[in-house]
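Paired with subunit B in one complex and with subunit C in the other, subunit A is shared by the two complexes that follow.
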Partner chain A sequence: MADNNMVESRHPWKAWLYLAPALVLLAIFTVWPIINTIRMAFLENYSGLKAVGGATFKFGIGNFTKVIKYKKFVQCLKNTVLICFLTVPISTALALLISVALNSIKWFQKPLQTIFFLPYVTNSIAIGMVFAAMFNIVGSFYGTENQLIVTAGIINNVIQFFGGQPVNWINYGSSYAANIAVMTIYIVWNALPFKILILLGGLQSVNKQYYDAAKVDGTSKARIFGRITVPLLSPMIAYVVITGFIGGFKEYTSIVGIFGESMGPADDAKRLNTMVGFVYDSLSTNNQGRASAAALILFGLILVVTLLELYVSKKKVHY
Partner chain B sequence: MKVELQNLTKIFPSRNKNANEEVVAVNDFTFTIPDGTLVGLLGPSGCGKSTTLYMICGLQKPSSGKIFFGDDDVTQLPPENRGVGLVFQNYALYPHMTVKQNILFPLQNLKGADKLSKEQMLERAYEVAKIVQIDNLMERKPSELSGGQQQRVAIARALVKMPRVLLLDEPLSNLDARLRLQTREEIKRIQRETKITTVFVTHDQEEAMSISDMIVVMKLGVVQQIGKPQDVYSSPANLFVAKFLGTPPINVFNGCVKGEKVYIGSEAVADAKGIADQEVSIGIRPEGFILKDDGPFTVNLSNVEVMGRDVSIVATHECSANPTIRAIIDADNVIADDVKTVRFSIKPNKIFLFNKETEERIYVEGK
Partner chain C sequence: MSNITTMQEKNMQREVLRQRILGIAFKVLVYAFLLLMGVIVLFPFYWMINSSLKTLDEYRMSVPTFFPHAVMFSNYVDAFQTASLGRLFLNTMYVGLVSTILSLVITILSAFAFARLEFKGKNVLFAALLATMMIPGELFTITNYITVTNFHWTNTYTVLIVPFLVSIFYIYLLRQNFLQIPNELYLAAKVDGTSDFKYLCKVMIPLSLPTLISITILKMMGAWNSYIWPRLVANDANHRMITNGLRNAFTDTTGDVNYPVQMAAVAMVSFPLFLVFVFLRKYIMKGVSRSGIKG
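Up next, the complex of A and B:
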């Protein structure tokens, strides 16, 4: 120990030298942007253009009050929250069921695992385009006898095959509910692999003797699941829920994947825009102040939800 | 409840389909466990004792043979319909439940006519908790308990549904030496109080000897000897059993029988009435030596360990199968420091002869 201390005190700059590359990069690309975002959020009507002109900006909370009153922003907030609260519970529940099923089968487990994992390594824009094609309608949805529907997309084909009416999922004139339904299916499917990976890993590390003990005691399958599997998996479940919400609040690419940059059907563009989308839009129209304020609101929202989840998990999660 | 095992056999198929490497874990095990007894399955690891336990429990299906509980054939029944309580080696207490919830868990599974009301369940849980003396720990989580307490909770959980048979898998192996002594008395007491037929598995002969009514010594899936602990100890059926039981272990010598006398080297150490001349393995229990100046058996003294109550003599002999011989004699005996050799006579009921090849016991007349 004495030797170590001597070396440390003789060359304290060496440690800093080794740390420097990481520290410099962190400072430039993480610390300063955060500080700058906070600064811009409180400079009223701040825009990059005006700054060039040498104008000064009043310090205040004007950006925040403006953003909150902004109709588009409220719509984005609504979409984001709706997507979060729809997709996270659904994808978590599905992932739990799938991983329990995968864990209990012996043969074909590996190929199935691979299949379920595929969306994880696939580009989400590409997936979005495929999904758009599946839900798409080429030709007019309100086709009269003269206007033939060329294709109604594979989903509508299936619906029609079972005798149902085709649904206008994402095209001109589609309903908000139909849009959200498509988004939910797509995001859930996209979110499954990571969750399955985590939960399956958790399941495989559960001591098999708990199940043997439960079996000797004549526990039903449902009770084993509810009273043993879920509690023992609770740390992993908490983890996928928390990261799921964080991911959900940052949702943007999946909307672009399906609707393109219009972020909505042609007759109502931007209808499905999200918080992150709002930030991007504000930036592209040189409203840095507004964008920063929206980003901080998003940050606050994620923080509150995560703290809430941590609070709940403290009571419910067994570590 | 009497438990009857008939020609019980368990064969594990070989992992490699091409190679013929199947493992016979338990081979043709037939034994009737009398009602209300505590039976210890004893053997080195890999001898099939745990497999036997799991077959009685129902977690593993026998390859052939039958299991009866009383007159019921339970061979094909799943564990939950057998009425067994199983205590796992590492207890397998549900970590997220309190002690109370753990004990209540099996009761909450009961269905139909057996279903109990909440009050009845609690009553039963506290009753059992009292027997194993953990009724003051009911609100704790397993992680907040010591190993011995966890063990008791596991026993309570197994007992609470009033099983016909209680099964314990290496019940003491996770406890420290002191707790082990205490807990084995405890298991014996609980078994006496509940009068439940109990089977437990152990590799520790001392543990098995101290609490079992009967012990079953196994080796490589084959039962070597069944009997009361003292009987098995004082009359081992073969060299394996003789070596496996007893601490310090039995001393084994290579010798021969000549003219109805047992020879170790050139010294005739005991009589062997009615035994034909042959090479034999000779086992002598450490307590079978008597220090005697004109005794027939001479050994080279290497060390004397005085342990209060008795004295342990460590010696060597050219015919010994082990590097050293250990003899335990009364502490009243005094051995001078400069002594190089000591002479013993041997208690006739502490010396056993075994066939050189088969290692089976050769019984001497009049013993």
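Up next, the complex of A and C:
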């Protein structure tokens, strides 16, 4: 672009005129928040309410040390990390299998492709409520453990059809493992379309010659998958894994969709709260210092995981 | 001699047959897997519609029915009233439309400056803006919440529109598109004495219409699906957005939830998205494949 053909370059102020609306808004809603959030994170026990009242706050790392010792925060961190490490590998593997399968067929490929993209264009709160209805035990939602179960829910019906025992997935008295299982299923369902879109796009741009050569050599399908498909697709796999982790660390609304704002079953609210949920909870109780510290920790985690993955993929990814 | 050849031929034929059977079996397996996954993907949508048309008694039957006995379209009327979906819909459309239009104007102007105009510090500024995309939104939300409170913007439409007007990602997307438009067109326009602004309107915008449509759809979907920020700053009846209304309308009740009506509301909220999916899918896929963001 560095050419002297830019006639308008005699009037550089014009460019700033074009940029002005964006820059003003960015200054207020992007640049200032970065500065201010970092400032609040390092002001111990900062609270907007007290600040208005004229209180001053000591500079230090107190917010961080307090947050990481806070039991609720540790629970949120555990939930977030658990959800990430369950959903990202499962959804990536499943998306890879589906993409490879889709790429290997001709008949009915387009309709299937359309079906697999459908969950992308949904409202995660709305469909979360559908998943909740599917896993719900109707009739004892607000009741006690001993209350008679009227309907076991469609998922439990399917389990019973195949001879299994019904599970209390999300209702009163449900186990943590069952809750996490439901969240994992929902988040994987939600994450598949984007991953399939990227991976299938990658597969379709792979040079067919590699496969023809493998065919001539009589290479087995499993070997082709492991030695050709996966390495050639590795940049896209790295991409969906990284974006998957970033999205996973910011998980919040899908849990609200299933459990509502209580973020947990009726007898154990906040059990499934996440890092983002913790930030908002601190915010609504006017603990901006704590919220800022938690948000910075979240940012740090995302940064570390992303850099780590970029480092690994630089070594492993075949470009 | 001839015996050996026929043996070999027979073996070859058997091998070819074996390969073909294996190939067909594999194809069947692939289709079975894809169809099974397809059913799993579609099932929640089917279940939503199926449940939304049942009576509460039928919904509660211990063995669920796969088709409603009595089709209750009245659930949709009930849901529309219970959740006051009409008002929520208007609120959301207003916020969506206004923020899309303003956002498009800002994005076009900025992308044009970054793609076609020359000024000091352009590349540094652009790189700095791209770097902010790494920061999770929650970090901004904390301070923005304080800012909008100081501006006395809470419970207004402004608070739902203004803070999210600038998207670095959209600027990036459009700039890439603008850069693909050949320089010769710009120079020819200059020779003809066309002003920058006229060139932008007459040449660049029409040529990047697909990207602009992608941005419009993603922005509208963003308004439709936004939940966290509206709940924080504008959760009164006059400004409530559709997703917040949907979640609230059925969790406020302490008694037994009328699930069929709830599912009817969910279906109505999902329906416009479904229409977008059917008619504008390729634009979404185009925008999405380069971002990894939702809405």
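A few remarks follow.
Everything below uses one rule, namely that the second predicted complex is superposed on the first by the 300 of 319 C-alpha atoms of A that agree within 3 Å, B and C clash if a C-alpha of one lies under 4 Å from a C-alpha of the other, contacts with A are read in each partner's own complex, and residues count from 1 in each chain.
Here is the rule we go by: contacts are C-beta pairs under 8 Å (C-beta built on N, C-alpha and C of every residue); 3 or more make two chains touch, one makes a residue touch a chain.
Computed from a predicted structure; not experimentally measured.
In the superposition on chain A, A:K78 makes contact with neither subunit B nor subunit C.
Of the two partner chains placed by superposition, only subunit B is touched by A:I228; subunit C is not. With both structures placed on the common chain, the touch criterion links A:G218 to subunit B but leaves subunit C unconnected. Residue contacts after overlaying the shared chain place A:L298 against subunit C, while subunit B stays out of touching range.
After overlaying the two complexes on the shared chain, residue contacts for A:K314 are found with neither subunit B nor subunit C. When the two structures are aligned on the shared chain, A:K58 is found in touch with neither subunit B nor subunit C.
By the touch criterion defined above, A:N157 lies against subunit C but remains apart from subunit B after alignment on the C-alpha atoms of chain A.
Looking at the superposition, the partner that touches the larger set of subunit A residues, subunit B or subunit C, turns out to be C. Residues 57-59, 78-81, 84-86, 88, 90, 92, 94-97, 105-106, 108-110, 157, 161 of subunit B touch subunit A in their complex. Residues of subunit A touching subunit C in their complex: 1, 3, 5-9, 12, 14-16, 18-19, 21-22, 25-26, 28-30, 32-34, 36-37, 40, 48, 94, 97-98, 101-102, 104-105, 108, 112, 114-127, 129-131, 133-134, 136, 138-139, 141-142, 150-154, 157, 189, 192, 194, 197-198, 201, 221, 239-240, 243, 246-247, 249-250, 252-253, 256-257, 260-261, 276, 279-280, 283-284, 288, 291-292, 295-296, 298-299, 302-303, 306. For subunit A in complex with subunit B, the touching residues are 207, 209-210, 212-220, 223, 227-228, 231-232, 234, 318. Across the complex, subunit C meets subunit A through its residues 26-27, 30-31, 33-34, 37-38, 40-42, 44-45, 47-48, 51, 59-64, 105-107, 109-110, 112-114, 116-120, 122, 129, 132, 134-147, 162-166, 171, 183, 187, 190, 196, 221, 224-225, 227-228, 232, 243, 246-247, 250-251, 254-257, 259, 262-263, 266, 269-270, 273-274, 276-277, 281, 284-285, 288-289, 292, 294.
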